[in-house]
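Following this message is one structure expressed as structure tokens.
First chain written, first letter: the chains are A, B, C, D and E, and each begins at residue 1.
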Amino acid sequence: MISSQTVLESKKITVEFSGFKAISNLDFKVTNNKVHFLIGPNGAGKTTLLDVICGKTQVSQGKVVYMEDQNLVKLKDFKIVHIGISRKFQTPSIFQNLTVYDNLIIALKQDKGLWATITAKITKNQQKDIEEMLHLTGLIDEKDQQAGALSHGQKQWLEIAMVLLQDPGLVLLDEPIAGMSKDERMKTGEMIREIAKDRTVLIVEHDMDFVKEYADIVTVMHGGQLLCQGSMEEIQNDPRVREVYLGRKED
Amino acid sequence: MSGTILTLFNGLSLGSILLLIALGLAVTFGLMKVINMAHGELIMIGAYVTYVIQSLFLKYVPESFFDLYFLLSIPIAFLIAAGFGILLEVSLIRFLYKRPLDSLLATYGVGLMLQQLARSIFGAPNVGVQSPGFLNGGLTIGNLVLPYSRIFILSLSILCLVAIFLYFYRTANGRRVRAVMQNRQMAECLGVQTRRVDLGTFAIGSGFAGIAGCALTLLGPIGPTIGTYYIIDAFMVVVVGGVGALIGAVVGAFGIGFFNTIFEFFTSATIGKVLVFMLIIAFLQWRPSGLVSSRSRALDE
Amino acid sequence: MGKIMNQSIFNKKNLLLLGFIVLLIAPLFLTDFRLNLLGKYLAFAILVIGLDLLWGYTGVLSLGHGIFFGIGAYAMGMYLKLEAAGTTKLPDFMAWSGVQELPFIWVPFQNPILAIILGIFIPVMIALLLGLLTFRNRINGVYFTILSQALVVVVVTLFVGQQGLTGGTNGLTSFNTIFGFLLASTTTQTVIYLITAAVLAMVYFASKVLINGRLGQVLIGIRDGENRLRFLGYDPAIFKTFIYALSAGIAGLAGMLFVLQVGIISPTMMGIIPSIEMVLWVALGGRGTLIGPVLGAILVNWAKTTFSESYPDIWLYFLGLMFVIVVVFLPDGLMGLFKKFQKRWSGLHDKQPNSTRVEKNYS
Amino acid sequence: MKVKPFYLFLLMVAFTTIIAACSGGNGASTPEEGSSGSTEGTSGSDDEDVIEVGILHSLSGTMAISETSVHDAELLAINEINANGGVLGKQIKPVIEDGASDWPTFAEKAKKLLQQDKVAAIFGGWTSASRKAMLPVVEESNGLLWYPVQYEGMESSPNIFYTGAAPNQQIVPAVDWLLENRGTKFYLLGSDYVFPRTANAAIKAQLEDAGADLVGEEYTPLGHTDYNTVIAKIKSEKPDVIFNTLNGDSNVAFFKQLKDAGITSEDITVLSVSVAEEEVRGIGADVIAGHLTSWNYYQTTETPENSEFVEAYKAAYGEDRVTADPIEAGYFGVYLWAAAVEKAGTTDVDAVKEAAKELEFQAPGGLVKVDGENQHVYKTVRIGEVQGDGQIKELWNSGEPVKPDPFLKGFDWASGLAESLGQ
Amino acid sequence: MLELENLQVGYGESMVVRNIQLKVKESQVVCIMGRNGVGKTTLIKAIMGILLPKSGNILFKNDNITKKSPSHRARKGIGYVPQGREIFPKLTVYENLLIGLEASGGTKKNLIQEDIYEYFPILKEFKNRNGGDLSGGQQQQLAIARALVSNPSFLLLDEPTEGIQPNIVADIQRVIRDIKEKNKTSMILVEQNLDYAKSVADYIYVVDHGSIVYESSVDELKDEDVYRYLSV
């Protein structure tokens, strides 16, 4: 397989919160151009793992390597963005007082230093990118609305759009379809598929139908550790997974 | 040698004053995250209560009992300041629990009004309070004199600390407060009436400001603006100590007290003050969230 | 946007222009004394624009802007004092403070251009230093606010204590001429007034341009979700420090214009009370709008002048009450009120986003 | 898009307010202003029947503590004069302003009084800072300021009359008296601002000249309330005398803590120059009893004018009020001005200044006389001891009014201090 | 005992719980099943009063408590064992239990009955340790005990066995059965494990995408129907 190049690899990472180990000694790999789901019971450490990757949470030990040469553990959160990792948070965290369009403008991949920001002018290409993204997410009619006034689903999409405009190599999504209606879920799923064409997507999700439908590869976490990893089918047939997560079928 | 002991004592004494004025704040700011700029004015209220009680004693109570006024003032100052605290919480603070900076500004406005109120009632000039007889003079050790009033304040602040400690760690109310501060929602789900807890906690924090005001009449002026002399120091103590931990306030108070005394002894009061501030900034570089701070998941965001 | 607006002569731009014209012709119908007062208000209005950039847009509350304002004012005051003393002599207060020769930090202020530059540069440097130290370490929100307030105490104490250098509590006063023109003369005062009005307009429009650009969006982002912004690849500390320094520089500029019109600068003007009052002007006018705080500064100061003339007692109650009411019940200030009226008047025809109220995060 | 009436409204409000502010203020120069004045309902041409004077003290802020009483005394004097027929047959009408303990405000309000209200004179100020703030304003507009408080000297403006003590009428004689009666080891303690530093500079020169010892000098920030360390330093130096130039609230803290440290007036005498009867009440008479003060007037000063004054003051403001030196200086300042106006026959500033030269008046504190040269007044110096009842007992007085000497020109040891001013 | 009428709950614009009708009878244990993220916890939170419903009613003991505060509900006799346990980390085990007494109005120490310690002996042993220092399983026991001390007439248990070692799961199972039999306490139990659910519950609802898609008494339950909605 030509395409299974390692995008991200965590090496023996441990995360502690005042004595409690949210992640212990985790080895984990993400390969490129896949939709990679991360599932597991509450408290298994999924969100914490995303936190570590994007620099929100410090590891107690171990390292996380991106594209085989960047150790993320040493980078500040905003610099991790610069090398191509973008994250969508669990609750939609968009900027409520800015318009949809402005939200997208500040998300654009560009020099985000002080001076560059002061002098920034939007280019034709960027405008085109934004328009495209507005179409992709169906927010084109709302582009001049204050983001705070969007519906829940629209906010989620806006955030996804913001993540994508950064043109990341690796996209981290934390429960992107939580609170969405069935139609919205479908739409989101299609969007994710579209996204994954030329980048890697790592998603934390609970909705099993959704996982089944869109996953290329699934990782199951449990108790801060990796339980197993594989295609949806492999996962479904793994007894350990049934034990901790999916519920036992009677013998 | 005696110089060293005296400096130590002075540091301890200044620390105890700082502790006393910061204790209430450690509760309202430290535990409840409310920035009450009117805390200084609650101190002022405590001081005026002492003055009023003293005046009443002079008028109505035989002279031989005069000294008792001070002992009586302490609980009354506590109650009246707590009463003002309740008023403040009900009318204002409860709207501002999630807006700490706004609570700062609004309570500053309240402080202004309370100052003017004091001026309208008691007049602009300072009023005098006669110290009770048993606090006159001092403990003489060799050629050292340790003023009784200082020793009294030191003991009072320790007493208050112990009282606060016992309240929070040994009573049902204190337990409720801690439960609410740790997990408001869960406490509510277990039947704790969080509104009442908030109100009570704020009242207690305010009440301790009243006690501080009462004690300060032994050392300083009693006038409408005295609160402004202490408020910044009090906040500094809590910030240095670390918000949310009583023990932090203790360390913060005595730390600032000692450094201030030592700096002042070797330089001047002005330079001493400046040096202490520099030290605080430097210190916060090292520990941005104060001396005693707990890193946990909940505090991260 | 522009083409829609141009259809009416009463659009926002024209009205602002009208306002500015009124300010320009004010010398024609105001007495010297009232013009002087208005000039002072305008100096405050300049200051609050900076403060609003910091608080209203970026969400960082500084209760220490009095010192930046004061330092700017002192810089100008030092130059005026030296000019008043002539080239050979020391300023009068140094003489009775036992200072024998001009302290070296006063030397640059003999040059007016240098004095003006320093009046902006020194506040900027102080803000940069403090901003870097605090924001880098993520000392945010309330902690920064309290620190900024403690800074006031220290700076004021220093200014009062270093009498030989600063004139102590008296501050600097008894100026004589500026660039050789008599400060007290009506013409000079009118010119200074006009300069103040022009500077206000410049600062206003410059800030408007900044805010309407990418920077404005990023600042609002910091205010409403600093952490989110980090994960878009921005470093909030740098932006905050920049705005802090910028607003400090604006405050210094305002201070210079203040001293020219009021003729005195003393530590009381830098203290805790003025520093907090400045914040009230912003809050009253409406945080996060530029015109609001400008109006707020003018209005509150005008009210202060008028009320306190006859009712000093009531004034303080009034001021205190204003803090409470504005902060608790009118978090968007006068501009928020106006917007409500605006909505009512223009009704449904207006296609403004008007659905759910969006909380702004000032804390 | 539609017209936005909102913006129109907004700007209209803004500018009408500004214009109203300004024109409203203009209107205020006409008589409807004087809500606090004491004019009787004289109809019609007010300008003919009243003379407006400004009263400018801090009625709010930290300095209100001290200044309110002076303000009261000045109003008392105006009422008395009015009751006796006024000046030049006209009633005096006070225009009251609040300096708000803020020096730029003093400058602004002085400007308003002189330029807008065109008052004949201003009575006001307490701190040197407020006077320094008003000074350029009164000089510019050629106004008249009557300043009632003792101060550090080194100033003589042609537009200010200083009715408080100059250094040679309070500080210099106090030092002399202490050297003679209490000892030669001096400790200088003051608040960290202009008056104490300037006064102490003079005292140091004087002590050096007298061959006395200066064992320590300490300044504390304004509003300082913890004197533990300072007292420790004082104790280790064992002075005979502390010369105290602390300001306001700090005095309360200092004396309370001094007493607590077991230091009585017998161990070390403290002589204060900013503590008068009013301040004694705030400190507590029992705390400060036995310590000394230096002033030109005490409530206990025995003159017929004083008993009348004290009686009138208490009748007007309450039995529990006390009089003090600055109160008296504010009071007789109004009388001096009225007398000068009568003599000049006009309120014209230059004429009044001319008329005031060498003018004499029997003030509650004894005879005062305006010095024609520096516009300070001749006053009697009195050293007093605080009593247990809060009153001050006179221990010594200069016998006759002392000529004011703000620049201490009459003292050889002060030559270095004054000459640099080139006055 | 408890009745939900057309309950709708959501965050912002989106509905997480749609139109739920549900009934719990006196001393009945009802189990709510469904996969992660289908709205079970949201439903429990709405019953407890942490989330206010968009529409619909909650009736408890024939009172409409839809708009009442959580503490009011707790005092009326609803006990709550939340997902993730939510014990007070810096209160001791004993203090955690004392806070549990708030709902019954008493704070006297002797009100903690011995049988609580009999159910969970470990709590007696660790009485003075901070709650935060316990292991996950111990914390879960504490959370249950904390809800039980006030003798609630109704108990909400949100995935009490999630992520807990098997022996403690068995303990908890035993306790739930015991309470059901001895105290006649009604319960809503959120559970993912069908066997477990069947062993304690009388009635089972299956929730998917915010709505009830299947309900049955345990006796008449067909496992396949449940698995259709449960499994992956």
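Basically, a residue touches a chain if its C-beta (ideal position, glycine included) is under 8 Å from a C-beta of that chain, and two chains touch if they have at least 3 such contacts.
Here the structure is a predicted model, which is why all the values come from computation and not from measurement.
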Remark   = In terms of CA centroids, furthest away from chain D sits chain E
Request  = Specify the chain most distant from chain C by Cα centroid.
outcome  = E
Query = Ranked by contacting C-beta pairs, which pair of chains comes out on top?
reply = C-D
Centroid distance [mean C-alpha coordinates] between chain E and chain A, Å = 32
Request  = With chain centres taken as the means of their Cα atoms, state the distance from chain B to chain D in Å.
outcome  = 35
Note = chain C to chain E, mean C-alpha position gap in Å, rounds to 57
Inquiry  = At least two partner chains per residue is the criterion; list those residues in chain B.
reply    = 116, 119, 228, 268, 270, 273, 296
Query = What are the residues of chain A that contact at least two other chains?
reply = 18, 56
Task = Indicate the residues of chain E shared as contacts by at least two other chains.
result = none
Chain D - residues contacting chain C, complex = 1-11, 14-15, 17-19, 21-26, 28, 33, 35-36, 59-60, 96-98, 100-104, 107-108, 111-112, 115-116, 127-129, 132-133, 135-137, 140, 152, 154, 192-194, 197-198, 201, 219, 221-222, 417, 420-422
Inquiry  = Applying the document's contact rule, which stretches of chain A touch chain C when the two form their complex?
reply    = 54, 56, 76-79, 81-82, 86-87, 89, 93-99, 102, 105-107, 112-114, 117-118, 120, 144-146, 148-149, 162, 166
Query = Where on chain B is chain E touching in the complex?
reply = 172, 175-176, 178-179, 182-183, 185-194, 296
Ask   = Hey, which residues of chain A end up touching chain E in the complex?
value = 18-20, 39, 41-44, 151-153, 155, 175, 178-182, 205-208, 211-212, 222-223, 232, 235-236, 244-250
Key: Residues of chain B touching chain C in the complex   = 33, 35, 92, 95-96, 98-102, 104-106, 108-113, 115-116, 119-120, 228, 232, 235-236, 239, 268, 270-271, 273-274, 277-278, 280-281, 284-285, 288-289, 301
